[in-house]
Amino acid sequence: MEQFFLQLTNGLAVGGIYALIALGYTMVYGVLKLINFAHSDLFTLGAYLGLTLLTSMALTDRLGPFWGTVLLAFMVMLLIAIVGALLDRVAYRPLRQSPRLSAVVSALGASIFLQNTVMLVYGARFQVYPQGILPSTAIRVMGLDIPMVRLIVLCTSTLMMLALFFFIQKTKTGTAIRAAAIDQGAARLMGIDVNRVILMVFLVGPALGGVAGLLVGLYYGQINFTMGWGYGLKAFTAAILGGIGNIPGAMVGGILLGVIEAMGAAYLSIAWKDAIAFCVLILILIFRPTGLLGERVAEKV
Amino acid sequence: MKKVLFILVALFVATATAAFAADPVKIGLMGPMTGSWASEGQEMKQVLDLLCEELNAKGGLMGQKVAVVSEDDGGDPRTASLAAQRLATQGIAAVIGTYGSAVTEATQNIYNEAKIIQVANGSTAIRLTEKGLKYFFRTCPRDDEQAKVAAATIEKLGVKKLAILHDNSTYAKGLAEEAKGLLAGKKGLEIVFFDALTPKEQDYTAILTKMKAAGPDFVFFTGYYGEGGLLLKQKRQMNWNVPFMGGDATNNPDLVKIAGKEAAAGFYFLSPPLPKDLPTQEAKAFLAAFTKKYGNPPNSIYPVLAGDGFRVITHAIAETKSTDPEKLAKYLKTELKEFPGLTGKISFNDKGDRIGEVYKVYKVNAEGQFILEP
Amino acid sequence: MTNQRTIITISLANVVFASLPFFLNTYWVDVLNSIGIYSILALSLNLIVGHAGLFNLGHAAFYAIGAYTAAILNTGYGIPILALLPACGFTAGVFAVLIARPIIHLRGDYLCIVTIGVGEIVRIALINDVFGVTGGANGIFGIARPSLFGFSVRSPQHFFYYIWTFAGITVCLFHLLENSRFGRALNYLREDEVAAEGSGVDTAHYKLAAFVVGAVWAGMAGNIYASKMTIISPESFTFWESVLMFAIVILGGSGSIPGMLLGAFLIVGLPELFREFANARMLVFGAAMIAMMIFRTQGILPAKQRRYSLPESSGEESGTG
């Protein structure tokens, strides 16, 4: 039983990160029906920029670990949001009117480009976050040793998701994003500036991905230029699992995928962990073809 | 279609002919310059560039300059086979590399058929030298050598319940299975856990939690330093104090950086001796020169082994005054004895394997330094 | 008359191409071999993505199954590798039927992730030495070279003719297929699935058939790859391989056979040309991919709309249904 609860917290922490990244995929997909494969590299870039800012500006020394990290998070979000918007401008916007899969290939190209940019700028070696910003001890909760950082990661990702949920559900811009996701044409007729919505999506989605990268850097301490692929694939899986285009779906899908992985590793086999996760995904899709929370779309006639 | 084809062909021919121009003795380097293992390949190039410069400052070989021609193998077999074909057409006297065993294997036949001496630096899979290839050598020891030392160390430490963890790569799995084979059935020692993690992930707590439940008193991790550092760090975060030992792929200062000094302290690993622990002039001079040129000592042992490959092959060319592969292979197998390498004395047996007990046991101290165990 | 000119042009191009090994060094011949294998793979994936409109990002799975079938049966039972070509296609095809049946009805991007998942599952199974026959991470080595009537295909130059003959046959067969009832049905259901269904086209059947034929061909390409490399390991069948094949199809111009050949030249050949850029070569390649897509949004050589004598409506291209 102890094993079960420990693995559950493992899964929740990883799942929280998957969910944050998955939100970026799902938001872009919702509005543009584009799988933004370069999103995973924006996540990597977030981790690297976070490291640069952290070491060059000594924020945590000046402001203390808490406010320093919060400010750092906002700076990373801002920078990655700008990169995200630029990416859209350069690689996707020229392809708005062309076949959908052309933009996918452009996204793949952008992913290769960004990954290698990071490699050339920062070098191919692992980069290491400074130690001791987040506490490295474990606390005992009901007889379980749970690392503090894991709780911090869990809280942060939950907080970010709540903020996004509020933004999407309660604000005017959020409503516009939802409207554009349902029907772009109708949204435009209703006086919604769809281009602004797209820009918004390419600011918010990458910002979340970037902050997830920072979180990964702070949590695990080690980052490398290829780490985006693995996380990206998992997060994309999570987005699909929850029903792509659906924001609560991405959150549920991410958390669920993290837990499935941890449980698969614990009770079946570690080496087959990813295969187990994909098997579960395929099974779910066979029975619910549009994901867990995805809406049933009637075939157009 | 035809036009595009024509332009492509013209480009191909242009690039192909451009390769035949220079005159120096050319030594090829095949390494992963892009992709997941790019850090190894790029450092291999640094090491070879430095050694080549030094050699040229001393007058080169046979009165000619020496040049290093490097190609990217991308760390994947298909790219590597193309890199090998490309090197084979550039008139190189020998090739150094590469890192991964499967990648090396994809190129062995190409070099063998082209009669080019290949000195691998990081490919430890046993079967590479069991095929009877005439021109294949390696400066790194084989997995079974390392497994022997690992098994001996584990026995010496009086381990009762052992966990073995690998990462499903050719190298790590080979080492894990060799060690398991050697230790299985030993009295008083039980292997309570044997499984693989997925490399390049960052959260290994699920695995650690599972491993902890199996109750080992010693863990042998055969994978790489990136994962090794994270395992150490995450094991400390969950308050688990179990000694860890790693294979030679964990020998990298980045391990300590990733894990943090407290978590890394007490970690054992196996490795060919580091240049700093060798009393020889060559090793000291190399270390000083490398640090001076690039600002830090070499991070990984494999690039240093590539350096040894370069030094051995250029030594052989100088001694035989020839770049004839037959003569070079014969010289390396029969006449080269106890060559003072950067990682200890080097001689080769008939298969092209390095002879001698190369592996030493290291332990990380509280300062995060690598200390040679007596 | 135009037809005759086309034939002359094509034959001339073929003759020029066939004589390339006499002018190029071994390295470039081997690059062309790599391009050849990817052309075959792209042609097979084109059937699935380009014609049936199924978003498949796990094509490497079928390629892997073909390659492993060849390797296991050749090294284990000594069956000549050429004789295994149909067997490789068969196993890949059977596998495709098994997995495609329950998932073929999924909508575009859901199908995409399922195919990615299948590709990953196959790769993980290979690494974990499934059934004890795949050799785990080591893979399988010592695969025989193909030989026909006592002539052994060994050097890259030999493989050039072997691979490109196979590619040529593939082009001819797929060209016939495209213009058959089967090909027309596929195009119909890609353009408008509901209308196709309404006109009596059994869409599920045709999609499945396209998927299986594509898989069979990828399996055979796997056989060729195995015999060329003589060693295979799971590293050769990663998600990245599926991505490359997919990029060839879209970049070349989905649905167009010349597009596939050109796409393979660009996607496989450009990283080789960019070797001059050393460590930055993949960066340049990524940028080139974006640029080519932006300037030719339909792919470089998009499929021509088939002309019929009736006045046609301007067919709208869309990736998936």
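The letters A, B and C name the chains in turn, as written, and every chain counts its residues from 1.
Just so we're on the same page, a residue touches a chain if its C-beta (ideal position, glycine included) is under 8 Å from a C-beta of that chain, and two chains touch if they have at least 3 such contacts.
What you see is a predicted model; the values in this text were computed from it and never measured.
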item: Topology of the chain contact graph, where touching chains are joined (line, ring, star, complete, other); value: complete
item: Pair exhibiting more inter-chain C-beta contacts, B-C or A-C; value: A-C
item: Distance between the centres, which are taken as Cα means, of subunit C and subunit B, whole angstrom; value: 35
item: Centroid spacing, where centroids are CA-atom means, of subunit A and subunit C in whole angstrom; value: 32
item: Touching two or more other chains - residue numbers and ranges from subunit C; value: 127-128, 279, 282
item: Residues within subunit B bordering two or more other chains; value: 34, 38, 42, 168, 196
item: Overlap residues in subunit A, where contacts from two or more other chains coincide; value: 116, 119, 229, 271, 274
item: Contact set on subunit A toward subunit C in their complex; value: 29, 35, 90-91, 94-95, 97-106, 108-117, 119-120, 229, 233, 236-237, 240, 244, 271-272, 274-275, 278-279, 281-282, 285-286, 289-291, 297, 299-301
item: Subunit A - residues contacting subunit B, complex; value: 3, 6-7, 10-11, 13-14, 116, 119, 123-126, 128, 131, 136-138, 145, 147, 149-150, 216, 219-222, 224-227, 229-230, 261-262, 265-266, 269-271, 273-274
item: Residues on subunit B engaged by subunit C in the complex (per definition of touch); value: 1-2, 4-5, 8-9, 11-13, 15-16, 33-34, 38, 42, 70-72, 76-79, 81-82, 85-86, 88-89, 101-103, 105-106, 109, 113, 125, 127, 168-170, 173-174, 196
item: Subunit A partner contacts - residues on subunit C that touch it in the complex; value: 49, 55, 102-103, 105-107, 109-110, 112-114, 116-118, 120-121, 124-125, 127-128, 193-194, 239, 243, 246-247, 250-251, 254, 279-280, 282-283, 285-290, 293-294, 297-299, 317-320
item: Residues on subunit C engaged by subunit B in the complex (per definition of touch); value: 9, 12-13, 16-17, 20, 23-28, 30-31, 34, 127-128, 136-139, 141, 155-156, 229-233, 235-236, 238, 240, 258, 261-262, 265, 269, 271-273, 275-276, 278-279, 281-282, 301
